[in-house]
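Several structures are given next for inspection.
Look at the two complexes coming up: chain A is in both, with chain B in one and chain C in the other.
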Partner chain A sequence: MRGGFPAQGAGGRLARALLVFPVGMLVVFFVVPLIMMFVVSFYRNLPGAGWEPAFTLENYVRAFSRGLYRDRLVYTLEISALNAVLCLLIGYPFTYYLVRLASPFWRKVGLTLSISTLWLTYVVRSYAWSVLLSATSGVGQLLMWLGLVDRPTGYTPGPVATVVGLVYVFLPFMILSLYGSLRAIDPSMEEASMNLGARPWRTFLHVVLPLSLPGAAAGAVMVFLLTMGNYVVPSILGQPAQWTMPVIITNQVMNESNVPFGAAMSVILLAVLGLLAYATGRLVGKARVNPYAGSRVAQGGEGA
Partner chain B sequence: MSRVDLVQVTKTYPGGVKAVDGVSLTVEAGEFMTLLGPSGCGKTTSLRMIAGFEQPDSGQVLIGGKDVTRVPPYERDTGMVFQSLALFPHMSVLDNVMYGLRMRRVPRPEAEARAKEMLALVQLAGYEQRRPHQLSGGQRQRVAFARALAVNPSIFLLDEPFAALDAKLRDELQVELRRLQQRLRITTVFVTHNQREAMTLSDRVAVMRDGRVEQVGTPQEVYEEPATVFVAGFVGMTNLFKGHVVAQDGGFVRVRTAEGFEIAGRPPRTNGAPPQALAPGQPVTVSVRPEALRLVQAGAAGAVGEAGAVGEAGTPTARESGEAAGESNGTGGIPVRVDMVRFVGELVEYHLFTPGGQEILCTYQRGQAAPAVGQGAQALVRVEPGEARVLWQ
Partner chain C sequence: MSGRGLRYRDPVVWSVRAAFWIVLAFLGVPLLILAAVSFHPGRFMTFPPQGFSLRWYETLFTNSQWTDAIRNSLVVAFASALLATAMALILALVLDRYPVRFGAVFRQLGMLPLFLPPVIMGVAYVSFFYAIGFSGRIENLIIAHAVFNAPFPLMLISAGLGKVGKELEESAMNLGARPGVVLRTVTLPLIRADVFAGALLAFILSLNEYIVAFLVAGFTVVTLPIELFASLRYSYSPVIAAASVVFILGTAVLVAVADRMAGGLWD
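Showing the complex of A and B:
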């Protein structure tokens, strides 16, 4: 409030009045439903007849005791981690190249193109991949035409399609995050390193990489968390074996009409997400202060 | 310690801009050479070609007599201080200074000892564990020096390192840099657009303009014997008078300025070539340093039309000098109106206007007998014999 509006007097009152709307929206459409979900997760499910208010832990017990749901949670964590790593491995070289383009015009074009897929909804993009990866069109035919396979193979629905779809959908977030942090590195840092005798790859290892670590970490965390919460991609491009927690939850609520159990699993997912966000937030925060903590030069392990 | 040679080096940037255009320059071993010029003159590009960050389109770069034109920067053995300093923010001061040694695979204890030695040399002992952002501007500068010199490079390169500092700190660091350079006897190439910096630091100065070297010489040579109008105007303050040659007699060239006054000056530098006679009527420019001008009172009559008329109207002093000048080198004086007198500490500046409206700057050192002329007064300005230089236009 300090900068824009005076904190006191008519201006202050106006500012507060203006805040009522967004805060109200947040409370009505976010905080209240969240509390409702939390409350409902302790209700008792009546098969075929909805649910009744109660205080029972049976939904939570079920979520943790049944191998199926536990496996789904573990699988969700695994595929999210895999996706974060893949996005980082693909996004880093691409973004580094983009940032080092001499022409500001092509840099902007590159960045715009790489995030342009965000204009389409997950649904459209997932179905597009479902067509591309099917046996009768796209990649399957292409591989046969190239002579790499004997018969056109379909990858959808299945693990390959799920991973491809997830990478495709979340890569732009990684690129955006990396772009900012790579752009912030003064190019003369790299020149200074080379001037001091470091070959390009050592320059990358000792200067570029540590300086871009906060951006890379933030991007990886963002992709990880977004993947954990994604419903559309695994449900369209995956078989039941690729279903993540959000898909299972949707099934419980929509198909099984077990709202309390769905609510309980949502709370668990939310808790895991919140915990991870908090932990990585602290980690990245530390990395900002000491991004060189992991470097071998600092620890003196680089010698001959 | 090695010499550096640029041999007919040319660099054209995409878009057709010739950043460096056929530059040939030799920096002797142990010499402090400054590339001086306005922005866009090619001085930084030349420096970056010595460091290996830019490849010339044609020509050669030699370090220690060896052709390094195609050698990458990490194999060139130069130590560079960048304009932004480019200290690694994620490393301690010690790690920054050790970086080059570690990249050369010097064992850690040895590297650390050498880095500490360098830090002591730049008076930063005790700051080893600080981060660059915890240091003052001057300290950061010294870390950059130490880092570049720790590897004992054969060439020391500096790209406007003082641009971001305030004047006082800049002065201190200039002295420190010069001391460091002389102590290490390292071949140094320094880039700046600040002529004062160039004059006070360098053994020799190369004045550049539009990708070419206009003049190379000691600071004194460049100041006292500018080769071109550009050099005269860029290095120090000067008064330029356009005109044409009247005659050449003895060691002096008599020039009639556009306003009709006569000034005698020494002929243009020949750069080793045999002196060329200046034909009467040849258009030239005369450069006169502000401190080479002397101001004399014009007397009560004030209004003086032409240089020749001075003797009749002036005070005894003015008459005398006018006659003396008139006899010795055909110069009278230029009548001027005193527009402003400024006291600048060690100098007194007189801002003068000729009848034709040209502004002239004349300075007196503190302690010199300055004429008692105030604002609005009419006066005569004359050129100390031999202090004017005639330049090709």
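Showing the complex of A and C:
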């Protein structure tokens, strides 16, 4: 018997009967909708009149045969990889410094500040950058004031704004993942290395970096997967050339009312994500790929 | 304030320190500028603001377009947080305290929404609710957000149960208390803070969620993020900045409370 409560008897039966509510919710409103999406992806779209149950592969054929959609998928993979690399490069030195702050108080303040934007809606965070990179407020005027440009120019929407926005939005996840793995490294290991005569960068290269690699890899994978699924940032900060798969899918469903085609592209995106998650999961090994890995929130998810 | 490992005064240490402050500024400055813009009295956003006015905040809380969105957001967030927490509490409690066949599978199922891209979940809901002829209702959004955000209370409550341990419950039971009484007088009071923190996180996440809400009921139930997104397509008015500031402050306060209750969410 695992728990303190009796496993048998009326109490145990009642407890297990209660499970019907959460598990039923998850099956009916999580598993079934996903199955439904898969089914609808084979339906035929009736322009202006919803869909017609059928078994047709035309949605998939369209997604793969048109260069437009193939290009968007490739672009989504590219920009997600770029974002993962940028977040890693920016987040690593930051988190390393943060973890090694001597005062626990300042460490907590620094961590809280750096990941506090994580809860804020993507809409507001993207919007902040569209203000900052616009011609009338922020960077445009700053450059003119510095005399670097003759007239204020805006950088939004565009590729620069999209990349900056994606880094801004997903950096906190990277910091969180790195924080967990860097925090687990005992500072006395570094001290031992340096007492033995190794210079700081050598110590870093041979002690800290190898130990933090799983967390760094897990963070990069996480940022990559989250970017692949993000709609808000590329649609606010990007031009059509920066639209990723989620933007294309949402436009099909909401603007074109073509749910079957949107569903087919969602199935493709999900399959690509699943494959990548599986492949990188083997690469990452034991490190946990969880958006909130490294936080105490995530620790309860493993189960008792 | 260099840490124990970084005691050399070499350029690497200095550049890492500089990088630290630059990143902190990178994360903070955009939101500060947004706050500054929201006080600009003119009709179009400019930075630095010319003058100081609260008129856009007045618009935000008096214009029905915005107040409706705020009300919808609060209703959906409150109801979905309640539902998510109820699901999570039952799941966490029963799986933790009773041997259940397939218990691990149920727990993973409860955590799975965390790993699915919201846009795909949104399309799944569109397909599902349209197929059963029940689209565009506020109830759909409440259910969708509840399922999607339930992993957070589930994580926090499971962590809380692990922390509490089973000794106190066993003592109560050895003293003759029945399971129902133990649950009410021992277990629940011990994990109350985690339950509230989990509910708060679900509330915050629902309040801030855009794409699932847009796909599930975007044309009928306009929540605050949807209204924000729609208005920044058509206008460049500082009222959007004012709404953002209210969002930032509200989220900050709620996260701080949740952090307090859970005894530190991060470290």
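Everything that follows uses one rule, which is that the second predicted complex is superposed on the first by the 267 of 304 C-alpha atoms of A that agree within 3 Å, B and C clash if a C-alpha of one lies under 4 Å from a C-alpha of the other, contacts with A are read in each partner's own complex, and residues count from 1 in each chain.
Simple rule for what comes next: a residue touches a chain if its C-beta (ideal position, glycine included) is under 8 Å from a C-beta of that chain, and two chains touch if they have at least 3 such contacts.
Just so we're clear, the structure is a prediction, and the values are computed from it rather than from any experiment.
Student: Counting only touches as set out at the top, which of chain B and chain C does A:191 meet: first, second, both, neither?
Tutor: After superposing on A, A:191 lies in contact with both chain B and chain C.
Student: Which partner chains sit in contact with A:281 here, chain B, chain C, both or neither? Use first/second/both/neither.
Tutor: neither
Student: Once chain A of both complexes is superposed, is A:202 in touch with chain B (first), chain C (second), both, or neither?
Tutor: After superposition on chain A, A:202 lies in contact with chain B alone.
Student: Is A:130 in contact with chain B, with chain C, with both, or with neither (first, second, both, neither)?
Tutor: second
Student: Quick check on the superposed pair: does A:211 touch chain B, chain C, both, or neither? Answer first, second, both or neither.
Tutor: first
Student: Once chain A of both complexes is superposed, is A:171 in touch with chain B (first), chain C (second), both, or neither?
Tutor: The second partner, chain C, only.
Student: Of chain B and chain C, which one contacts the greater number of residues in chain A?
Tutor: Answer, by number of touched residues of chain A: C.
Student: For A:250, decide between first (touching chain B), second (touching chain C), both and neither.
Tutor: After superposing on A, A:250 lies in contact with chain C but is clear of chain B.
Student: Same chain A residues contacting chain B and chain C, which ones?
Tutor: In chain A, positions 191, 194, 199, 290-292, 295, 297-298, 300, 303-304 sit in both the chain B and chain C interfaces.
Student: Quick check: in the complex, which residue numbers of chain A touch chain C?
Tutor: Answer in residue numbers: 1-7, 11-12, 15-16, 18-19, 21-23, 25-27, 29-34, 36-37, 39-40, 50, 90-91, 93-94, 96-103, 106-108, 110-117, 119-125, 127-132, 134, 136-138, 141, 168, 171-172, 176, 179, 183, 187, 190-191, 194, 199-201, 203, 208, 225-226, 228-232, 236, 246, 249-250, 253-254, 259, 262-263, 266, 269-270, 273, 277, 290-292, 294-301, 303-304.
Student: What does chain C use to touch chain A in their complex?
Tutor: For this pair, the touching residues of chain C are 1-6, 8, 10, 12-13, 15-17, 19-20, 23-24, 26-31, 33-34, 37, 44-47, 83, 86-88, 90-100, 104, 106-107, 109-128, 130-131, 143-144, 146-147, 150-152, 154-162, 166, 169-170, 173, 178-180, 182, 201, 204-205, 207-211, 214-215, 218, 225, 228-229, 232, 240-241, 244, 247-248, 251-252, 255, 259, 262, 264-267.
Student: Could you pull out which chain A residues touch chain B in their complex?
Tutor: Contacts found on chain A: 186, 188-189, 191-199, 202, 206-207, 210-211, 290-292, 295, 297-298, 300, 302-304.
Student: Give the list of chain B residues in touch with chain A in this complex.
Tutor: Chain B reaches chain A through residues 51, 53, 72-76, 78-80, 82-84, 86-92, 95, 99-100, 102-105, 107-108, 147-148, 151.
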